[in-house]
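The same subunit A turns up in both complexes below, where it pairs with subunit B and then with subunit C.
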Partner chain A sequence: MKLELGYIFIKDIQFAEQSKVENGTLYVNKEDVKALILEDQNFKSADVELARPGESIRIIPVKDVIEPRVKVEGPGGIFPGMISKVETVGSGKTNVLKGAAVVTTGKIVGFQEGIIDMKGPGAEYTPFSKLNNLVLKCEPIDGLKQHEHEKALRFAGYKVAEYLGNLAKSLTPDEVHTFETPSLTEGLKLYPDLPRVAYVLMLQSQGLMHDTYVYGVDAKKSLTTMIYPTEIMDGAIVSGNCVSACDKNTTYHHLNNPVIQDLFEQHGKTLNFVCVIISNENVYLADKERSSNWSAKLAELLGVDGVIVSEEGFGNPDTDLIMNCKKIESKGIKTVLITDEYAGRDGTSQSLADADAKANAVVSGGNANEVIELPPMDKVIGHPEVVDTIAGGFDGSLHDDGSITAELQVITGATNEMGFNRLSAR
Partner chain B sequence: MIITNNDLVYSKLKDDYNILYIDGSFRDVLVKTRDKVHAGYELLTHPLSSSLKPNETPYKSVIISDKKGKLNFNSVYIIEDAIIEYDKFNMNIIKKISEKIRKDFKLIDLTVLESALNINY
Partner chain C sequence: MHMCTIVPISLTVGANRIVPTIAIPHPLGDPSLSMEEEKDIRRKLLSRALKALQTEVSEQTVFED
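Let's look at the complex of A and B:
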């Protein structure tokens, strides 16, 4: 399966009469976007704001970040099973508004998550401070249930991202990147001497605000399965996970999965990137056993030499991570794990809720308990009062001058467990 | 059997499931679960949440087997680790939370439990 990603670089975003992309600027008709959001009768009002790199803006609470993309050639549409038909994506051509994103905000439950600072020390911790963001602030109708609100907000994000992506459909990309996955037998013939590597992508799947969807299917209801990496680049996997800002995988992370990017970079040079295995993180221990059994079985069946495993979240998913590791290693296949740490404020406590001697190659995305100071911003988009109640915040987190003292886990994407961040530990 | 300190879980599921309601903390639920595991019950759901930290949410529901058998070492290992993990989080910074937020935490705990029980809303 072969996909060409055409990058159209976006260096600025502005409101305008007509939505279009011109000379690296994304122009957006605010009223069109608001009307699109309000098609959903679950919202009583909507507002749209801009947040550019370097501006003194804080966005809170962030639910999801989505990169605008559009299918130019080949079957299917972006976000299949959600807003496009369930057709297999991942081949042909896709254009990307690189440097732009849609950010959804909203108070779904009382405890809330996710800060993106566009300037200052907080901006250094999140990759989304480098993007030209269109921020959606949607107010639900009175009495809307939390799970309906979550779904409505999620779909508002996809629809607006699709609307912006469509602006790029007939544009000539600034850069084209080609990604191709051969069949198993072709791969063996092409690279007989290279180590064969698969990627086990663990998906959060625990219930309200903790879910991930694959072609529209709630991942908790699926057995571990295989997927072409380019399908993920076309939005086959989307995030419905609104909890734990620092180590959730937003839809943006899935579209731009750095493990997939790096494996493709080395494909045919130092290794043979075979495919992606997607596995869930359920609550039931029997589900964890079953899903990790299947990860190991598929890795064995594919005949790979090595597997990279990435996690989402903290706590009980550490058990899935370690089960995947132990069972795959016991098949004689080497594993490398990517996770983050809750090692206490001083970093001296045990980092994960589970461990095993076989987990001897682990990459850390950083310590989410570290306390950070965020200076006040000139403008806050969203609901600043929720800082005291977000994960990693505490009573007194929000100071009178608008500055914040909190744990690193308040920042969206700060310790991402795909490695899509700037922190590490050596 | 469901061990819970979440009254929403108790009131919603008590007619259909065997529920041990604990009038106490998240930690009390873990300790009661450990005692049951030591007595030979098997742990069926993971006692830690996936994203909510133990010093954020006051509510926890855990499912164990209805029947007891031989000591299950996997269950012992997981519940003991969960208690260690719970105690690691700095409890003196636990937040004062409003009634609205309490309700939301109860709802999240209920939906996570329902996802394990395969109850769809």
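Let's look at the complex of A and C:
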């Protein structure tokens, strides 16, 4: 399966009479976007704001971040099973508004969304401060249940991202990147001497709005399965997650999964990137056993030499991570795990809830308990009062001048377990 | 003693007696069942826990029944 991603670089975003992309600027008709959101009768009002890199803006609470993309050639549409038909995507050509994003906000659960600062120390912790963001502020009708609000906001994000993506359909990309996955037998013939590597992508699926969708299927209802990496680039996997902000995978993360990017980069040079195995993180022990058994079984069946495993979230998913590790290692296949840490504010506590001696190659996205200080911003988009109650915040986190003292956990994408972040250690 | 759903975590952190429970969001019940059935589950798990507390152990022990 072969996909060409055409990047159209976006350096600025502005409101205008007509939505279009011209000379690296994304122009957006605000009323069109509002009308699109308000098609859903679950919203009583909608507002749209801009947040550009370097502006003194805080967005809170952030639910999802979505990159606008559009299919130019090949079957299907972006976000299959959600807003496009269930067609197999991942081949042909897709255009990307690189440097732009749709950010959805709203008080859904309150404590399980995050913060994006566009300027200052907070901006250094989140990759989304580098993007030209269209921020959707959607207020639900009275009495709307939380899970209905989550779904409505999730779809508002996809619809607006699709609307913006469509502006790029007939544009000539600034850069084209080609990604190709051969069949198993072709791959063996092409690279007989290279180590074969698969990627186990763990998807948050604990329920109660900790959910991920694959072609529209709720991941908690699926057994571990395989997927072409390019399908993910076309939005086959999307986030429906209201969970700790620092290490949840937003839809943007799935579209731009850096593990997949790096494996493709090394494909045919130092390794043979076989495919992606997607496995869930459910709340029953039997499900955890079954899903990790299946990851190991598929890795064995594929005959791979090594597997990279990335976790999503923390706490009980640490057990899914360790089960995947132990069971895959027991098949004689090497594993490298990507996770993050909850090692206490001083960093001396046990980092993960579970552990095993076989987990001897681990990459950390950082310590989510680290306490940080965020200065006030000139403008806040959203509901700043939730700072005291979001995961990583505490009573007194929000100070009178608008500054914040909280754990790193509050920042969207800060300790991402795909490695889509900037933290490092010496 | 731990009553918990994710037994491997209890084993990792060194609990002596472990009674496995239903699921992380509802360890002692199951919202898909009726109240009577839920109470039955709860009573059984609690009885098992009380039995576990009265049982001498020499190593980490999971009380499956």
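As a convention for this text, the second predicted complex is superposed on the first by the 422 of 426 C-alpha atoms of A that agree within 3 Å, B and C clash if a C-alpha of one lies under 4 Å from a C-alpha of the other, contacts with A are read in each partner's own complex, and residues count from 1 in each chain.
Keep this in mind: a residue touches a chain if its C-beta (ideal position, glycine included) is under 8 Å from a C-beta of that chain, and two chains touch if they have at least 3 such contacts.
The structure presented is a predicted model; accordingly, all values stated were derived computationally and were not measured.
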{"item": "When subunit B and subunit C are modelled together on subunit A, clash or fit", "value": "clash"}
{"item": "Contacts of A:345 with subunit B and subunit C, given as first, second, both or neither", "value": "first"}
{"item": "Partner chain(s) touched by A:248 [first = subunit B, second = subunit C, both, neither]", "value": "first"}
{"item": "Touching partner for A:142 - first (subunit B), second (subunit C), both, neither", "value": "neither"}
{"item": "First, second, both or neither for A:323, with subunit B first and subunit C second", "value": "second"}
{"item": "Subunit A residues touched - subunit C or subunit B, whichever exceeds", "value": "B"}
{"item": "Which superposed partner A:209 touches (first subunit B, second subunit C, both, neither)", "value": "first"}
{"item": "Intersection of the subunit A residues that touch subunit B with those that touch subunit C", "value": "206-208, 283-285, 288, 316, 319, 350, 353-354"}
{"item": "Residues on subunit A engaged by subunit B in the complex (per definition of touch)", "value": "109-111, 146-147, 204-210, 220, 241, 243-244, 247-248, 281-286, 288, 313-317, 319, 342, 344-345, 349-350, 353-354, 388-389, 391, 393-395"}
{"item": "Touching residues on subunit A, where the partner in the complex is subunit C", "value": "206-208, 283-285, 288, 316, 318-319, 322-323, 350, 353-356"}
{"item": "List of subunit C residues in touch with subunit A within their complex", "value": "5-9, 12-13, 20, 22-25"}
{"item": "Touching residues (chain side subunit B, partner subunit A) in the complex", "value": "43-53, 56-57, 63, 74, 78, 81-82, 84-85, 88-90, 93, 95-98, 100-101, 103-105, 107-108, 111-116, 121"}
